[in-house]
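As written, the chains take the letters A, B, C and D, and residue 1 is the first residue of each chain.
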Amino acid sequence: MLQINSVTKQFGGIKAVDDLSFRVKKGSIHSIIGPNGAGKTTLVNMITGVYKVDSGTIFLDGADITNISTDKLVYRGICRTFQNLEICENLTVLENVLLGFDKYMDKSLLKSCFRSKSIQADEARHKQRALHLLELIGLEKLANLKAENLSYGILKKLEIVRALGTSPELILLDEPVAGLNPKETQEVSNLIKTVVADEVTIILVEHDMKMVMQISDYITVMNFGKKLAQGTPEEIANNEDVIRAYLGSGVVC
Amino acid sequence: MIEFFGFLLSGVTVGFVYALVGIGFTVIYNSSGIINFSQGEFVMAGGMSTVFLLKAGLPLGVSFILAILITSMIGIVLYKLIAFSKNSSQISLIILTLGFAIFLRGLAEVVFDKELHTMPSFVGDGAFDMFGTVLTYQSILIMIVSIVIVVALYLFFKKTKTGQAMMAASINVDAAKLMGINIKKILMINFALSAAIASIGGVLLTPITSTNYEVGIMLGLKGFAAAIIGGLGSPFGAVAGGLVLGILESLIAGYVSSEYKDAVAFVALLAILFFMPGGIFGNTKAQRV
Amino acid sequence: MFKRYNINRDILTLSAILIIVPFFFQNDFYYEIAIVSLLNSLICIGLNMLMGYAGQVSLGHGAFAGLGGYIAVILSSNYGITPIFGIFIAVVTMSIFAFIVSKPILRLKGHYLAMATLGVGIIISIVLNVEDELTGGSDGMSVDSFTVFGYEFSSSLQWYVLCAILLVFTIWMFTNLINSPFGRVLRSIEGSEKAANSVGINVSHYKSIVFVLSVVIATIAGSLYAFFSGFISPSEASFSHSIELVVMVVLGGLGRIYGAVIGAVILTILPQLLTSFEDYQTLIYGAIIIFVMIFMPKGIASVYEDVRGRLFASNK
Amino acid sequence: MFKKIGLSVLTFLFVSSFMLLNAGTIKIGAIVSATGPASFLGDPELKTLQHYVKKINDDGGVNGQKLKLIAYDTGASPKKAVTFVKRLINQDKVVAIIGPSTTGETMAIIKFVQRAKIPLISMAGAVVIINPVKKYVFKMVATDRMACQRIMQDLKKRKLTNLALISGSGGFGKSMRKQCKDVAPSYGVKIVADETYGKKDTDMTTQLLKIKNNKKVQAVLNPGFGQGPAIVTKNYRQLKIKQPLYESHGVASKKFIEIAGKAANGVRLVAPPVVVADKLSDSNPVKKVALAYKNEYEKTFHTQVASFGGHAYDSLYAIVAAIKAQKSTDPKKIRDGIENLKNFQGIDGVVNMSPTDHLGLDTKTGMVLLDIKNGDWSIVK
């Protein structure tokens, strides 16, 4: 489905991502792991058009999507979450989810100013769908609370649910369980599994090995911007290079 | 050609004044990330205080020093207000410093007056003839003082313990706290220092251009433009920015139109913001998502 | 029907106040202050949309209002175009201008954005000062009377009614806009541009739209002010006027629909009350700004909302 | 609720602060720029008005009624002048208005006094104010055109035919620049350089440098008032420009000499006669009034008299004379009274108004030519 062909990104003299290629199969959960500074987030930022690719190409279902901006990619079916929480704290929980449906909404200026019937009906319909999504994470009761009042763990889930609103075919989750306790981690992990049930492809960037091993179909390991290894969880667990890289860098996750 | 050098020279003097204001901006910005819109009023406070202390019969040197102390105190008051407001939103802080600027202007109207004032030059009215124009002793004094201040700042931040502590605080507040650095005290010193530098500029400028209660508005804005043009955060950048601005202004006034002189600073500012957001000497930091 | 068109309690209260207040007016001077308050409120509503809802500072709105006013006035006074058409052309011109300017400017953030808008504003005000053949320079120019299809606005009451209707209408539209998906997009930009971007919102596009919208409102209010006062000078476009507008919005309460109105009314009346303190006018003005920023950083309207929130919490 | 209460409180404040009830007084409005860049003008004007209104009241008022002066300070801003003129007309209900101090402000408010039919005596210099004649607008101050003519006369006499102009960009500078360019050819004077500077500029070196490098220039004239000319004069001396420097009547004040300092020495300027009242010849019809005013002003305020205070004196007494003559305080009658002033002995000269001449000033008594020597005025013989 997604095809990354030898992409490279430099910052100053340092190659954050160096000639990296891999494929993501439709409907799979594809994890990208690696020590800190391996270039994982940079890769996500390149796929989602936040950073311009220095060289290489990215294809989605055979169409070139290299350097297309994040907001346009949403219309191609790619959506993402962030390593550092990006939730609109000035909006309510429900409004945050509704934001996910933004691409389906009529935002014509005149109609908005004059409160046209169609816009109101539209809004009501999407509210139902948003509430439905909130039920998935058990937040329907908190729908009208300002997001700033919620805990970090809940907001992390909210971000994933928001992404679902865009009806993506591919979601990139950048460390969805970073900073969560084991219980919350399990919840998010379950959430991701239910998402997969809906046949959405997932690219997961994560440090939590237990979770990665548990839910991934396929894993790509990065180190210093390069691909170190790839394969199924079992293959990776037994890969000597990977073990060395992790031990060598002193980071054991 | 001689004309050109003449314009250049008159630009340099003004440029150094912008530089002094710009350095003041830089000192506060570096330590607190705050853009202080009352920086220009510090310049006014320095000049006006000196004039009135002189009128009260104090000798020049004493008036000068007292004026700097007064302005530093004003700087500390501003810091206390900011600290007290516990308000981190950038818009609020901008408005707060703008409000403080208006307050200072109002205070100057009441404490002093709305008249134009001047005072004798520190070094006499003499001047060197150069390139068909003149370089007054006072201009030379401004240049020397500006350079001394920049060098002193550099030595202070690089060589002294307090200075290094201040640098550390500006780079990482939390780490500095852990190291036992008193952030509040450091911020306060920075505000006082910044006000002092601006007031020195104000005092030195008064014999050349005269001063009144609202002289700070334009000077403040142009000083800020200088700081941004040079790359916000670097004192050397502020000096370079100030000089570029002063010279550009003078050349535009000389060759194009003296009426559009004041626009130069802002056109340059926009150009820098749009095309080189890091300024001439700054470097753009990659933003992390 | 009220519900369908979202005519809520706040709008009705405002209309009632606007109808009652003139009975207290003793002479034209009261109308004068009231009309200026209404027009300032209008600009502030647009500015509030930009600053309070979309989170983009502008220290140049005075200049935009002034330039818009000048365009309308020059067209009608020097080229004999009817005022209403003059305002229309001014709105179109300023929209295009604002759109072009918004693209590079709104890429900037925080105080860089503040400085850039300030820079554009000051350049506008310098141009208005210098091009005296067209604008009358720093002494300003006098403005012909305001006529709409032959109907002349000459009495203060006529102006008051016009401005009051315009204000209520704008607030109504603005409330609808803010509560629509469009408004949610704006607020999400203030909350997190990255989040907005990640769900498919073209952030820069929306920023431009709000910017243009706020400039359009400023242009209309600025032109009306020029026609009403019969005089326009570059001080309308000055840095201090821009600051004044921002202070009105912040004082009233950023992101609060009626905050802008409250702020504009207070800060229009205040200087008139302060003339008796003549020498202390600026001092008091500055002190009030400092006081509000320290003790009510969310503006006067927030105090009201807190109180109302407590009173009506059970109803909701 | 809060909004309602807030607004009604404000309305109340508003109403109560304007409760001015004054029966049986004659309200005269004044708009002066007592502060700001034109405080040179406005400050002595305001002082004069306040002092002489009190004096007139102490002497029993006008036709048995007391005068009440309502004065506003504009800080030389035309916008404020417009606000204040409306306030004077609508709120304070004055019967006549004196001021504003500057041309720009005057031009801005003319429309409003014309519409409200309230007589206005401007204290500003430009000829455009009364030419063409406007029914309710007068002025008794020598015009910039007269000042230009006096300077050109002198240039012609000294055979300095190539003149450089460096003018302020405000209304006064702009108008005088235009008038001087207008009258120059008839005196055989050529304008060879034409520079301007802004109201609040603090450095005119660049403009002066251009003049200095222009080899044709034989003399320089600086129309303008306020801080500008003082800075021009200072820069002029710093650049060691040798040609004679002429200034306008906009600087005929001790404040100018104070700010410009030693640089002022050698400047030649035109000025209303009051500045040198004591040095005038006894045959000068102005001398008696001017000297009395000068002495009283200097005794009361302990500062040297500035010409501008005299404008205020003349305007005030012209209105008083009109009220006395018409035995009415109706604005329209006052207007008629001012228009019919004949042989009015003012400080700035002898005034004879007529429906076609709202200046009425006699050219011969209107302007004197002065040199600044050792920080003091001296009459050019």
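Just so it is clear, contacts are C-beta pairs under 8 Å (C-beta built on N, C-alpha and C of every residue); 3 or more make two chains touch, one makes a residue touch a chain.
Note that the coordinates shown come from a computational prediction; the quantities given were computed from them, not determined experimentally.
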{"item": "Nearest-to-centre chain - CA centroid comparison", "value": "C"}
{"item": "Chain pair, B-C or B-D, that carries the greater number of C-beta contacts", "value": "B-C"}
{"item": "Label of the chain whose CA centroid is most distant from the centroid of chain A", "value": "D"}
{"item": "Inter-chain centre distance, chain B versus chain C - centres from mean C-alpha coordinates, in Å", "value": "32"}
{"item": "Distance between the centres, which are taken as Cα means, of chain D and chain A, whole angstrom", "value": "73"}
{"item": "CA centroid of chain B to CA centroid of chain D, Å", "value": "37"}
{"item": "Centroid spacing, where centroids are CA-atom means, of chain A and chain B in whole angstrom", "value": "47"}
{"item": "Where chain C touches two or more other chains, by residue", "value": "129-130, 194"}
{"item": "Where chain D touches two or more other chains at once, by residue number", "value": "169, 198"}
{"item": "Residues of chain B engaged with two or more neighbouring chains", "value": "109, 259, 262, 289"}
{"item": "Residues of chain C touching chain D in the complex", "value": "13-14, 17, 21, 24, 26-30, 32-33, 129-130, 132, 137-140, 142, 229-231, 233, 235-236, 258, 262, 265-266, 269, 272-273, 275-276, 278, 303-304, 307-308"}
{"item": "Interfacial residue positions of chain D with respect to chain B in the complex", "value": "35-37, 39, 75, 169, 195-198, 200-203, 205-207, 209-210, 212-213, 226-227, 230-231, 238-240, 255, 258-259, 261-262"}
{"item": "List of chain D residues in touch with chain C within their complex", "value": "1-4, 6-7, 10-11, 13-15, 17-18, 72-73, 77-79, 82, 86-87, 90-91, 103-105, 107-108, 110-112, 169-171, 174, 198-199"}
{"item": "Residues of chain A touching chain C in the complex", "value": "48, 69-72, 74-75, 79-82, 86-91, 95-96, 98-100, 102-103, 105-107, 109, 111-115, 119, 122-123, 159, 162-163, 165-166"}
{"item": "Of all residues in chain B, those that touch chain D in their complex", "value": "2-3, 6-7, 10, 14, 109, 113-118, 125, 127, 129, 132-134, 136, 208-210, 212, 215, 218, 250, 253-254, 258-259, 261-262"}
